[in-house]
Each structure stands twice: as structure tokens, then as C-alpha cells.
Amino acid sequence: MDVEKIRGDFPILKRKINNKPLVFLDSASTSQKPQQVIDAIKNYYENHNANPHRSIYTLCDEATQIYEKSRGKVSKFINAKKDEEIVFVRNTNEAMNIVAYSYAMNNLKEGDEILLTIMEHHANIVPWQMLQKKGVKLKFIDINDDGTLKMDTINDMITKNTKIVSVVHKSNVLGTINHVKEIGKIAHDNGSLFVVDGAQSVPHMPVDVKDIDCDFLAFSGHKMLAPMNIGVLYGKKEILEKMEPFMRGSDMIKEVQLTESVWNDSPWKFEAGTPNVEGAIGLSEAIDYLKGVGLDNISGYEEKLTEYALEKLNGISGVKLVSPGNAKLRNGVISFNIGGVHSHDIAYILDEFGVAIRSGHMCAQPLLRRFGFQSVARASFYLYNAKEEIDTFVEGLEKVKKVFGK
Amino acid sequence: MSLEMYQEQIIERYRNPVNIGTVENPDATAKDYNPSCGDDVEIQIKFDNDVIRDIKFQGHGCAISQSSTDLLMDLVKKKNVKETQNITKEMFLEKVGIPFSPLRLKCALLGFKVFKLALYSYLGK
Amino acid sequence: MDVEKIRGDFPILKRKINNKPLVFLDSASTSQKPQQVIDAIKNYYENHNANPHRSIYTLCDEATQIYEKSRGKVSKFINAKKDEEIVFVRNTNEAMNIVAYSYAMNNLKEGDEILLTIMEHHANIVPWQMLQKKGVKLKFIDINDDGTLKMDTINDMITKNTKIVSVVHKSNVLGTINHVKEIGKIAHDNGSLFVVDGAQSVPHMPVDVKDIDCDFLAFSGHKMLAPMNIGVLYGKKEILEKMEPFMRGSDMIKEVQLTESVWNDSPWKFEAGTPNVEGAIGLSEAIDYLKGVGLDNISGYEEKLTEYALEKLNGISGVKLVSPGNAKLRNGVISFNIGGVHSHDIAYILDEFGVAIRSGHMCAQPLLRRFGFQSVARASFYLYNAKEEIDTFVEGLEKVKKVFGK
Amino acid sequence: MSLEMYQEQIIERYRNPVNIGTVENPDATAKDYNPSCGDDVEIQIKFDNDVIRDIKFQGHGCAISQSSTDLLMDLVKKKNVKETQNITKEMFLEKVGIPFSPLRLKCALLGFKVFKLALYSYLGK
């Protein structure tokens, strides 16, 4: 993996922040975009833009092809059985809402249970809370102090009433990778639907839906080099087909009468209105880029960076990792605090060094509470980060301690 | 130039389709739409010992979707289920022999899709 | 208005289709994008990209500012009272679904009525059909043969049970501009909520929500020179504040406990997950462009093009307009048929001349049925169309007649 | 360099806030969050003839949000409702006199926002 070459593809890395080169360590929040993706957007609007599926002219056909070929690209990327299993959405949040509104609200009833984990992102908690008004109960699998899931408790927590098990593949705070294949087997043996939040896994490691055997997988393009507002809900064809649509309106229908309509086939029945062709081609280009580098190479490289960073952090007194553990457990995501200093102050002082890290509740308040934190700082790595950037990060942390007189 | 798709035959069949109408006591019926334009085709089939004795269609749509459906009927009539089941899109297009523009393949294949649906529903019985 | 200069700003107009210059007459479906908008997207990703609202570093702050300033820009563009009345959505369809799911599903009950018109786009029909399962009745105001709404029947159709009146501002098939201010007054006098589908009006004419006094206005950026997948739901602050959220998840909350959450303030409570900063800056740039030319100039110019086109079409035997009427009634939208020729065949043959028009049901099947059509052809104009392009269009129509032996 | 925002005073107030705690039988209470980080501030006020007799806060957050809230209390204590009602964001920031970075204004103003909410709730009574 030629990191220097990769860095050259990302124009924003030339940006100066407070007169220092940008050190972007917040890719778990959103990723930067390579020139290839930016150019694909530009090329789309300069040469092919039209509203797909709607008419019979060359541009419209091109837009349709671009859109549907991108669906095929995504399908292959996660090894889906059929392209029709890919629903284009805005982001992971929307994907989860489709499952919550269209599947759960229509199929679950009083007394049913949904099994989640304590390490979920809000995107995989808040949509399910809506089900409580139907008398559905939410249950949360706890974690060990090293940030791994208490796998041995699942069999006790799952019951005949558990209709849905929904689990994050890789935690955005801990970096923990959950054993989704194993959890999926428990869920299916129990007759439960199995949903995976792949927002942090799909961008960073090979993910194979056939191997995992999940019923749904949700992820966001913007975290994997693609533009904002394109994401994916993968769903098994037979489940999507039986589901009610979510958004209703144009393009998701075959025929509209005044008081009734015939739905379009899935996945189109879940894509109301003018779709995001720009986002689709951007995502397709991003996938090409990631495949070009190799997902295995990326996760291997991130592990090396994590190892180096953990070593450095261990040398700074007062730095406390949210969950301790080696690079194999943390996978490019390091959440930490410095005793008595709030994460906002850490992030702000690092910004003076050009270093961008996330601070706050990480959209995972229940997890933070589990560890007794209200907010944390997080550095996360991606293929374009250089080892030297970690040195700058560490330099910034020393300054934080100085400002706060530690 | 791809207007050659609009051959005499297509225009003629569009104006005066041969296989339009309904079948008495059909053994299989199917209907589908092209969602982007609202065009539709409904096909009815009467079988006789697994042989297509009669097949008719009704629909609304462009010259391409309607005439290609009409031509399809010529092709499958009197044939037996097995034979027609094995016809692929590509074989159908080749047999019809009209140089359909890629832009219009969805139109050209609407009737074919509905025919397959009708076959499945018959075989599913 | 310098049309040649404007045309120079739209790179796609240099495109050749079947060796002819592109003549794009499908802007009512989606518009093309000026270089200024494309460059704004590129600049965003090359220099400012981050996930807004989430952290304390320079890029994040820039992305937040870009996003929220764009909201302010939209707010001023439609003369909203407050920036918080602008919810960023994907498109008009989603905007209508927010009102249908979050307002109507929670507030309407059996016996209530929703008043629509027969000229609605599917986006303003299908979401409301969902309410029928609650026992809510849909009613449709009819139109006159010239494509204008039967204003005199509204008072008879509106009843004490009418909880929502939702009307398209400008028809995407007929070009008719409805008297929304007047309809709104009737609705409000009746105590009904008043919703306007502005997908076709906002891009083409000045629209002022204070003047119209609508409770909600929905429109799509992609029809007004902005990128795909950014749209707007305007809603009066006091109504948005009282509404339940739609999509649930991250960013739309203030606090998340395992089984309950505190919603964020509106409009953010309607914007779950990573927002579309790219789309927002694209829309902001598009608004600057439209304001630079002047909305009044644009609608005036479109009227002139329409006049010229109608004159030419009147000279072609066999051409039948869906609704007859002068340029003042048609406002840049001309839907028509040629006896015995299906609209797809018309569109396809025009494509040979480089001309892109819409064909099909226009996502307005009830309206087409009202006029006895199953599908129509539609030419629609925008600021970048030249008079000569209409000549090419007419040339193509002559060829259509020849192919079909008319 | 904008780290000058972290003056002695700010760090000191962050470590040892003067006005932290609760008020007995408060006449007004308000709480709000900074949604992007989850920081919160709750303020309680006891009035005496429309004069702020006692005011205290509790909260979680960064040095900027917590110390600026603490400083705000100094400013409004013993003042009368009318006077404090007229204090604008700008006036508050000027009086506190710390060169808050634009990036941190939301933090610096969280307590101010909650204080205003508490005033409204009192006046609304």
C-alpha cells in the first residue's frame, strides 16, 4: 500500500489549518474524498445528468444506466445475491428507519422484543424506541470492560418473543468488531430477524452478506470515500418483497388511482421521487478506489497505525482509553480522555495543531454512560493517514496537558 | 441510424395488431407495467395438454412494446410449454429480428416479461 | 437576460447526442447545473468537507457554517420568517412524507378529510393514501378543460372535517399556476392546514411563503439548478415545533437513554444522521444564480419561449395539446400528443435530433386520465433554452409524423 | 493565537466554579443541551421582588461552557429582572471579556441560553 500515492489523491490533505497541514483523524465520522470521486460527480453533471427511469432519451438512459450499474457495483461489493437487494438511501439512519417503520411497525406486536447491544450508535437505538408505543420491549446486551460483547449472555437474553436482533458490526467508539456471523446464527435459530449496522465495518474491512447471513445491512457512503447523502440498505429479496413501502409518492409505484396504488417492485418501491444518481456514481467510484487498494490492506494498515498510536498514548500520563486493549481490538478507532479535561477542550487545542478529532458523546450516549463518561475524544484512522500525523497528534496532546496545567 | 427499428412491420403491427383481445376461460393471465411510463400489457393463455392453443393480449403503450408483444404471440402460439419456457430474452429478440435500440429494450421486452409471468402462474397451479 | 451567456455556464449544453447538439427540453423533470454549482461541490469536497454539528475543529465548523448559512439563504429566498422553518430533505416526495407521517398520521382520525386536486403529482397523492387506513377520506378538486382549477367548487368540497388542503402550486403537466393564496385563505378560514407542492413553482417564479401564508411548502433542489438529493420542507415554526419527528436516530436528539430520548429543536429534529452539506451549498449557489438572473426575468423569458412554441405547434396537424390555452396559462410547460403515436415513440424519434423531452404518465396518472390520456409527451423550458432549440424540436416532430406515415 | 481564550480565569473557574449547586425552592429552573456534544447546563434562580437573590448552576461540559456559565452568574446576581432581560449575547460576551473563538461561541453561550430560558419561565408565571 503506497500511502504517499494515496494521500496525493485526496485534495483536501493540502489544506492548511491554523497554518499547519491538516491532520484528519475523524474518518469514523465522515471520510475525505479522492479526486476520482470528485471528478466522477463533476463528470456526471457536466455530461450525463438527467432524471433516471422516466423517459426515453439518451441522457435519461445514461443516468438510468449509471444509477443501476452502481447498484450492481454495491451488490457485488458486499456479495449480495441479487442487485435488487440493494436499496439506495440517504444514510445509515434512514436505512434503519426503513426497517423500523416498514418492517417492525407492521410486523411486531405487544410483548415482542428487540435485542440490541449497549454499544449501539443512536442510529440503531432511537428508531426502535418508536416500537415501545406498540408495547414492544427493547433489551440491550452488555459488554465486557475490554469493549467486547458479552457473547455468553445472548442465549439468556434472547427469548421466543425476540423478533429482531440488531447489532453494530464495528463500534464507532470502541473499534470492537462484533462476531456478527455467530450472533446471526443465534438470532436465526431463534426465528428472529437479524439486522447489522455496517456503518463502520463496510468502509474498513471486507464484508460479505452471504457469509454473515444477515437479513439487513445498513451503511453510509460518506464514510467510505463517497459523497454525502448516499447510503445503502441491503435486504434479502424475499423480505424486501413482502415489506410495505416506507416513503410514498412517485417512482415507487406502477399505477396510481385516486385512492389506491400498485407498488413498484423492490428495491424501487423504497426509492420515492427523484433518486440520487450523483451519489450512486460517487459510491461506485469510491468502491472501485477501495477495491483498488484492497480492503484487507486497508484494515491491516489501520491496525499498524493503531498500534503505533497506542504505544505513544501509553507514554502520556493522564491519558485514559475508554476501553483498554491492543490494536487488534481497537481497529483504527481510539477513544480516550485526559483526566479533568473535557473532550471539547482537547479537540479545540488539537485544532491549533491542524489535527481534527471527534469530541462529544459520539452519538453513543448509552455506551459512554456504561463506561462512566459523558463525553470523550476520538481519533480514527483511514487509508490516507500517515504515521507522522500521529506524532503531530501526540504533540497536541502534550499541549493540552500544559494548558490545563497538568 | 437507429430509427430503422421502426420498420414497416412494427408500424403495421402497432396499427393493426393480430393477436389483440381476450381468450375464453383462460388458464393463465398476467399483467405488468413499465413503471416509468405506465405502459401495460395483459396476456391471457388457453392451454391444451400443455400446448398454447390460444394467446391474446391487451395493452396500452408505444409502438415497440405493443408490436413486439404481438409478434411474440406469433412465435409461441401452438408451441408447448417446455419449448416456450426455454426461450430467453436474447432468443426472443433474435427471432423477432428487429434491431431494437438499447434505449427501448424495456419496451421491447414488456410483453415477454408478462408472458413469462403467465407461464409461471400456469406451471405453479 | 443574456441567454447566450447563461448557456455558456452550463457545460452539458456542449454535449452532442446522436451527433447533434443537445436540446434539453425536460427541465420540469430535472434541471441541468451551471458551472458555479458544480464548482461549489468540488470546492466543498476539496477544501471544507466534514460532518457538521459534531465536533470542535476548523473543518467541522466550516461545514456547519456552510450548512446553516445555506439554510438561511433558502429561508430568505422564499421569505420565511425564520431560518428554523427550513428543513433540509432529499426531495419533494420526502417533504410530503414528513407531513403525512409526522403531522397527518398523528393528528387526523376517522372521518377526517384531506382535500387535494385532480392535477396533483403522485408525490402529493400517494403519501395521503396511507391515511385511508385510519378512515380518512381523500377528496379531489376537479379542473376545467383549459387546465385551470374549478375554484368555485372548493367551497362546496371543503367541510368541517377537512383537516388538510394540499395543492400543487404549478402543475408539472399543464403548467397551470394555481391561486394558492386564495385557496390558502379558504383553507385557513375553514381551520384546515394548508400545504403547497412548490416543486414546479419555486424554480421558475418568485414564491413568498409569507404572502401565500401556507403552513408547509415542499420543493426539490434538483429542479432549480442544484444537485440531486437536496430539497426543502418549509414549515411554520409553531407547527414544526409541535410535530413528532419522522426519521429517528442520531443528530435529531439532545439526549438518548436506553428507552427514551429528548428530541432536538426543529428543524434539526427532522434531520436524522449525517446531513447533506454538499447539497446545501449546491442549493445555496443555485439560488444565487437564479437571483442573479432574476426569477421574474426567468418566468417572463419562459413565457416568450412558450408563446413561440405554441405558435409553431399550432401549425402542425395532428398535434393535440393536453389542455389548450395561451402561453400565460402554460408557463413553459407544453404537454401534447400526436394522434395515434405513443409518447415514447415521439420522445425516441426526437432523441435522434438531440432533443430530450419527457414522455409517459408524468407521475400524474389521475390528471392524464381526466383528459383521457394514458401517456403524453412534454416539452418544458428553462432559462438556458434558446429559441432555435424550439425549431429543432419542431423539425423532430415532423419526422415523427413521417415515420408513422401521417 | 486563539488559545488565549484559555486564560487563568477560565481554567480556574472550570476547576473551582463559584456558583455551582442548587437553590432552595427555586422560582425558576431551566436546562438545555448542546446537541452536538451532549453538554448540559441547569440553572436555578430564587427571586426577591423581581431581584435575583440567588442563582446556581449544575452541568457537564467543557471549560468554556462551564466557566462562562459560572461567570454569567456573577454578572446577574443581585440584578433585577428588567436589567438582566435586556442583556444581549453580545453584551454578555463583552462583559465577560474573554476572547472566545468563534468555534466555541456555542459553548460560551450555553449557560446564557439557559439563563434566558429560566427568565422566560419566571416571567411567564
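Structure notes:
Note that the chains take the letters A, B, C and D in the order they are written out, and that residue 1 is the start of every chain.
Keep this in mind: a contact is a pair of C-beta atoms (placed from the backbone, for glycine too) under 8 Å apart; a residue touches a chain by one contact, two chains touch by 3 or more.
These figures come from a predicted structure and were not determined experimentally.
Seen from the C-alpha centroid of subunit C, the farthest chain centroid is that of D. Subunit B and subunit C have Cα centroids lying 37 Å from one another. With centres set at the average Cα position, the gap from subunit A to subunit B is 45 Å. Rounded to whole angstrom, the centroid-to-centroid distance between subunit B and subunit D, based on C-alpha atoms, equals 75 Å.
Counting partner chains per residue, subunit C shows two or more touched chains at residues 54-58, 251, 253, 255, 344, 348, 351, 359-360, 365. Listed for subunit B are residues 36-38, 103-104, 107, each touching two or more other chains.
Taken pairwise by the contact criterion, the protein chains fit none of the simple patterns, being neither a path, a ring, a star nor fully connected. Every pair of chains that touch is listed here: A-B, A-C, A-D, B-C, C-D.
Across the complex, subunit D is touched by residues 53-58, 61, 251, 253-255, 262, 264-265, 268 of subunit C.
Interface of subunit C with subunit B (complex): residues 340-345, 348-349, 351-352, 359-361, 365, 374-375, 403-405.
The touching residues of subunit B, counted against subunit C in their complex, run 1-3, 6, 11, 15, 36-39, 60-66, 101, 103-104, 107.
On subunit C, the positions that touch subunit A within their shared complex are 11-12, 15, 17-18, 22, 24, 26, 29-30, 32-33, 37-38, 41-42, 45-51, 54-60, 90-94, 96-97, 100-101, 121-123, 125-127, 129-130, 132, 138, 140, 220, 222, 227-230, 247-253, 255-261, 272-279, 344, 347-348, 350-351, 355-360, 363, 365-366.
Chain contact summary for the complex, subunit D toward subunit C: residues 32-33, 35-38, 40, 102-104, 107.
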